[in-house]
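Have a look at the structure below, then the notes.
Letters A, B, C and D mark the chains in the order given here, with residues in each chain numbered from 1 onward.
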Amino acid sequence: MSKIKAGILGATGAVGQRFIQLLENHPWFEITALAASDRSSGGKYTDACNWRLATPLPERVRALEVQPCRPPLDCDFVFSGLPSSVAGELEEEFAQAGYPVISNSMNHRMDEDVPLLVPEINHDHIGLIDIQRKRRGYTTGYIVTNPNCSAIALALGLAPLHNQFGLEAVVVTTMQALSGAGYPGVPSLDIIDNVIPFIKDEEPKLEEEPLKIFGKLTDDKIVFADFLVSAQCHRVNVQDGHLEAVRIRLKKKADEAELIAALENYSSLPQEMRLPSAPARPVIVRREKDRPQPRYDRDAENGMATVVGRISRDTIFDYKLVLLGHNTIRGAAGAAILNAELLVARGLLGKLNSNS
Amino acid sequence: MSKIKAGILGATGAVGQRFIQLLENHPWFEITALAASDRSSGGKYTDACNWRLATPLPERVRALEVQPCRPPLDCDFVFSGLPSSVAGELEEEFAQAGYPVISNSMNHRMDEDVPLLVPEINHDHIGLIDIQRKRRGYTTGYIVTNPNCSAIALALGLAPLHNQFGLEAVVVTTMQALSGAGYPGVPSLDIIDNVIPFIKDEEPKLEEEPLKIFGKLTDDKIVFADFLVSAQCHRVNVQDGHLEAVRIRLKKKADEAELIAALENYSSLPQEMRLPSAPARPVIVRREKDRPQPRYDRDAENGMATVVGRISRDTIFDYKLVLLGHNTIRGAAGAAILNAELLVARGLLGKLNSNS
Amino acid sequence: MSKIKAGILGATGAVGQRFIQLLENHPWFEITALAASDRSSGGKYTDACNWRLATPLPERVRALEVQPCRPPLDCDFVFSGLPSSVAGELEEEFAQAGYPVISNSMNHRMDEDVPLLVPEINHDHIGLIDIQRKRRGYTTGYIVTNPNCSAIALALGLAPLHNQFGLEAVVVTTMQALSGAGYPGVPSLDIIDNVIPFIKDEEPKLEEEPLKIFGKLTDDKIVFADFLVSAQCHRVNVQDGHLEAVRIRLKKKADEAELIAALENYSSLPQEMRLPSAPARPVIVRREKDRPQPRYDRDAENGMATVVGRISRDTIFDYKLVLLGHNTIRGAAGAAILNAELLVARGLLGKLNSNS
Amino acid sequence: MSKIKAGILGATGAVGQRFIQLLENHPWFEITALAASDRSSGGKYTDACNWRLATPLPERVRALEVQPCRPPLDCDFVFSGLPSSVAGELEEEFAQAGYPVISNSMNHRMDEDVPLLVPEINHDHIGLIDIQRKRRGYTTGYIVTNPNCSAIALALGLAPLHNQFGLEAVVVTTMQALSGAGYPGVPSLDIIDNVIPFIKDEEPKLEEEPLKIFGKLTDDKIVFADFLVSAQCHRVNVQDGHLEAVRIRLKKKADEAELIAALENYSSLPQEMRLPSAPARPVIVRREKDRPQPRYDRDAENGMATVVGRISRDTIFDYKLVLLGHNTIRGAAGAAILNAELLVARGLLGKLNSNS
């Protein structure tokens, strides 16, 4: 009956709100602690938070007190949706104090001893946790991260192709949603009747993170994948859902039918283990000539899948295609929750009663 | 004092309206004939047309009668903004009847004996007119076309680089404005909170037209340029201005300063000849980290320039950059008008009094 | 086990699609017949229809054949989402042929012998069915309508106040969603960065329909309510959800607390009878200073409620407030479904097995 | 030749930028001083300002140093676009120091001895300046304000009707543009696919300011007009241009033709005096069934007019109509500039050489 107790760091922010929304009625986790910056802490969550999601603020969370972002908190582990300006140190502090930290922040993603986890792709990277603990002197605590919102949609959509045919080069041009910038984020006057061809720090992340995600765990570190990624990133006037135009060159040649089969048949450990938040189909292929589209496809598999469409031969690369992921679900809070579920299933997080 | 008399085919459509707007107060041309589908013809222009531009319908044009799209029309030549479903035959009919046809339609763009004209780039392609006349038995008439709206912005922005360093490969991903689809065009329910990763026939045009634009006129035909173009095209929620994310590989290596110098110093025949619609600077370089943007940059040089920004080294290609062109001005009606001006200056269209 | 068999007229249109979406898994009704214009009929629904809703096209409906809009159809009754250009005659034809017609179209709304039904407000108006049958010679068939999308949200939101305090005058200014215009509906170029202060035929409907909705059924007709309505209607760049700014003058004076209590305590027959689509709370009061808002409030009670906010004293009238309804659910297909449910419960439509 | 030297307080803000844009090439004024908050001051304007307008930052202003908002400044008078949090005291400080302050801020608008000036309507209210100087001990300085952006469009559009027929009651429902909230202003996530039925402090302003604007100057104060205004205000997804749905009751009855004639023939002192920024037609009537619209009509008369349309009989009031004004031009910076021009023409501001 008893669930694992989760704390949320950065609980009042955009990602924090998504954590709260997605954890309502979660079968394994219950929220027992909310923490935010000192400015927001000290009162009830309902007063501290400018709730921006369309579903109502869950009843159980309304009256929880918002605490400062410092250990101890009454919980078995923490999700972190902290802004990068403070996430680096605070997450270390919690790990040091014994809390597993399941982070959506960018700060530790590229640390050599921190997994950049996508359970379908690199679940074995959790082997880094031991190395991390030894190196940093953590006891029960550790830090696990999920990739940037654009990188995760890209990696998940290309994983079946990399597995079977080997990626050699990836050219990705993104059209990213407003919610990726948090709240208040992009001023409306900047985006009405407009596109902004710049998102701070985004292109480097998208060029580097996939190489770690698809890296191989050796004795004590990840050996990065050796393909190349070129990224150009744009902000468009869309609420949720990052669209990515992609060209790929493959190591092994494949015809279009083989490509589609690889994508459609893709299934991995989270699906086998039936982790609660795992999408039944992590990659969905749409055959219509004009899909995926953010408004119609972002909620596929509750926002946990990458939707791929417009697969065709390219004049310069092998193939071109368009893919889409929900940036604040699979691209942020949902990704972290799935990571936590994997860690529970692997015995690295909390303890579930047999009957739960 | 007397101007050259211009007719407009497809006068009530989106491109036709732009012709009328841009020709108000033109120093060389005056509109003397308006033609449209039989359905729209027979009354005054002000009654036949659902005027969709923000500037008022020019007074002189209001009372002109809309005539059927058949020769003869009272004019020295015609601009064609006809839809592709009818442009093919009608334009030939006018050329056969002795009218120079300056067309924005796609139908004859890739005809072997029809110039796909961008005066800055390939003004010598007007040499095809003689060949065309001979082959088709035209006397005083002929057909000249301008490229697709995305292709022209791309070609103009890359022309200085191709001239100096030689294009080897171009990867272009477009984010195109709503006005590119004409009127009524894209339903609002399709584009609100959305991006559509498909524009009918657009990717092939963008992959082929640049090769003809940059082709070399030999004895009797254009030998196409030999670089490769890969295109992915998207519709975004923007009124005017096509944004294009571009990667290029060059034949001759160049550092970033050389690239920028080539772009900023670019000037060609229309600038030298001071054609009335020629932009003083056909290519503008913005150095801000987040430009060009459609709403802020589409009207540069009265919508006749390509604005380039975000130039940087690419991981796979040599460089990446973002460029922008006004799709209904330099990408359509404005392009055709500049073509007509070139033809006047070359003695191939009308005759200007010395004092005009 | 067996459900009542429903046909849908105008099945491929925007309202028809909503019928199909909302009837998936309906406890009482199953769709057995789909009909559309001759142009769309003759093939499978999945081929005939350009499905525009974010949820997937229900599996059971995909393969149903689209038939012409003529009786007979294999169903116990029909929902009509026909365009007004054809709804008038076709609905009469179906009623004449013995089918109850539950219509969302405007054609028969103001007919003297046709109920303009809002089950919470005027369920007794179904008494008109007998009169209608006699007058028109219908046997088992009849026509029942629901109000215009703006009128229903307004009527439902004001019903508790009219009941307790008596409406004397209503000034309503609407900001209506794009989906109200159907598909393709409003061109995107008309609404980007814009508001259109005109919706064809909308203001008269909004000024007249409430008077019939709140009318009293006497022996053989509805005596209209005697308050006045002034309407100004605007189209705004919103997907779903009509927002209405309202001032009211009441016959009986009431303080703000009484007003709010009347709204919040409102419950009527559909709630008592627990009709499947009845909202638990037909009127919801939001106390935040900036609600209701279309994106956040349109889905309250699955789109079947009117959400009211910003209640305050007015300088000229008694009170001002803002209300919101989902125009394609409670304002169209959902309204018709609730009407059908009332008719079932009253024994006027189909027959449910005791165990369903 | 020499122009009057203008300073701008709040020069880096949204209103400050409009002042700079509109004063480029002004025949009477030249900008000689720019002042902003201490945080923004101390460097060149081009570095201190995030220029958000589509026209380029004027060359002359780029290199001007931004100074703190304290007298003295090198100028003959100041325009104030200061935020209301600081405008109150700073404007008094400048007036005390001898500078005429032409303010767009709300702080002193309702002060008994400060004109709330709309030159077409109440130019005689500048008689308050003497009273103000005496009461406050100002010597050469004084404060003059222009109304709120919604109030000025409303007042200007109704002025001809009030003059001829007398306003008795005005019901106004606004749909206001994003630029009215300044920059960064409304977060894009708040307004995409949405309307916000709340603008802080806006409804009271719109209910009160018109009464002062149409007030009569007696010996020593303004006697407010005696009609009533009811206002409901909404934020919509539009860049510029406030649309207002209006019902009016008149003291003297008028038929529709008389109404339209009054509006179309309206001309007042600024037109007679040919003040440089005065619109030739302060009120424009559109007869189309669907105008005015923000995107098409906001720039009429360079943004200095109110555009009126959809005039028709109302069921409760005498007439209903829709009007539109450009909120950051006639509703802010442009209004202040016209005020300054009136003051110059009346000998209350600067001194123009005969030849300028």
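Note that contacts are C-beta pairs under 8 Å (C-beta built on N, C-alpha and C of every residue); 3 or more make two chains touch, one makes a residue touch a chain.
A quick note: this is a predicted structure, and the numbers were derived from the prediction, not measured.
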{"item": "Far-end chain from subunit D, centres as C-alpha averages", "value": "A"}
{"item": "A-D, A-B or B-C - pair sharing over half of the C-D contact pairs", "value": "A-B"}
{"item": "Euclidean distance of C-alpha centroids - subunit A vs subunit D, Å", "value": "48"}
{"item": "Where subunit A and subunit B are represented by their mean Cα positions, the distance between them in whole Å", "value": "43"}
{"item": "Whole-Å gap between the CA centroids of subunit A and subunit C", "value": "41"}
{"item": "In subunit C, residues with contacts to at least two other chains", "value": "192-193, 237-239, 295-296"}
{"item": "Sites on subunit B touched by subunit C in the complex", "value": "52, 178-179, 183-193, 237-239"}
{"item": "Subunit D residues touching subunit C - in the complex, by the definition given at the top", "value": "169, 171, 173, 175, 192-198, 207, 228-230, 232, 234, 236-239, 243, 245, 247, 289-296, 309-310, 314-317, 320, 322"}
{"item": "In the complex with subunit B, residue positions of subunit D that touch it", "value": "54, 192-193, 295-296, 299"}
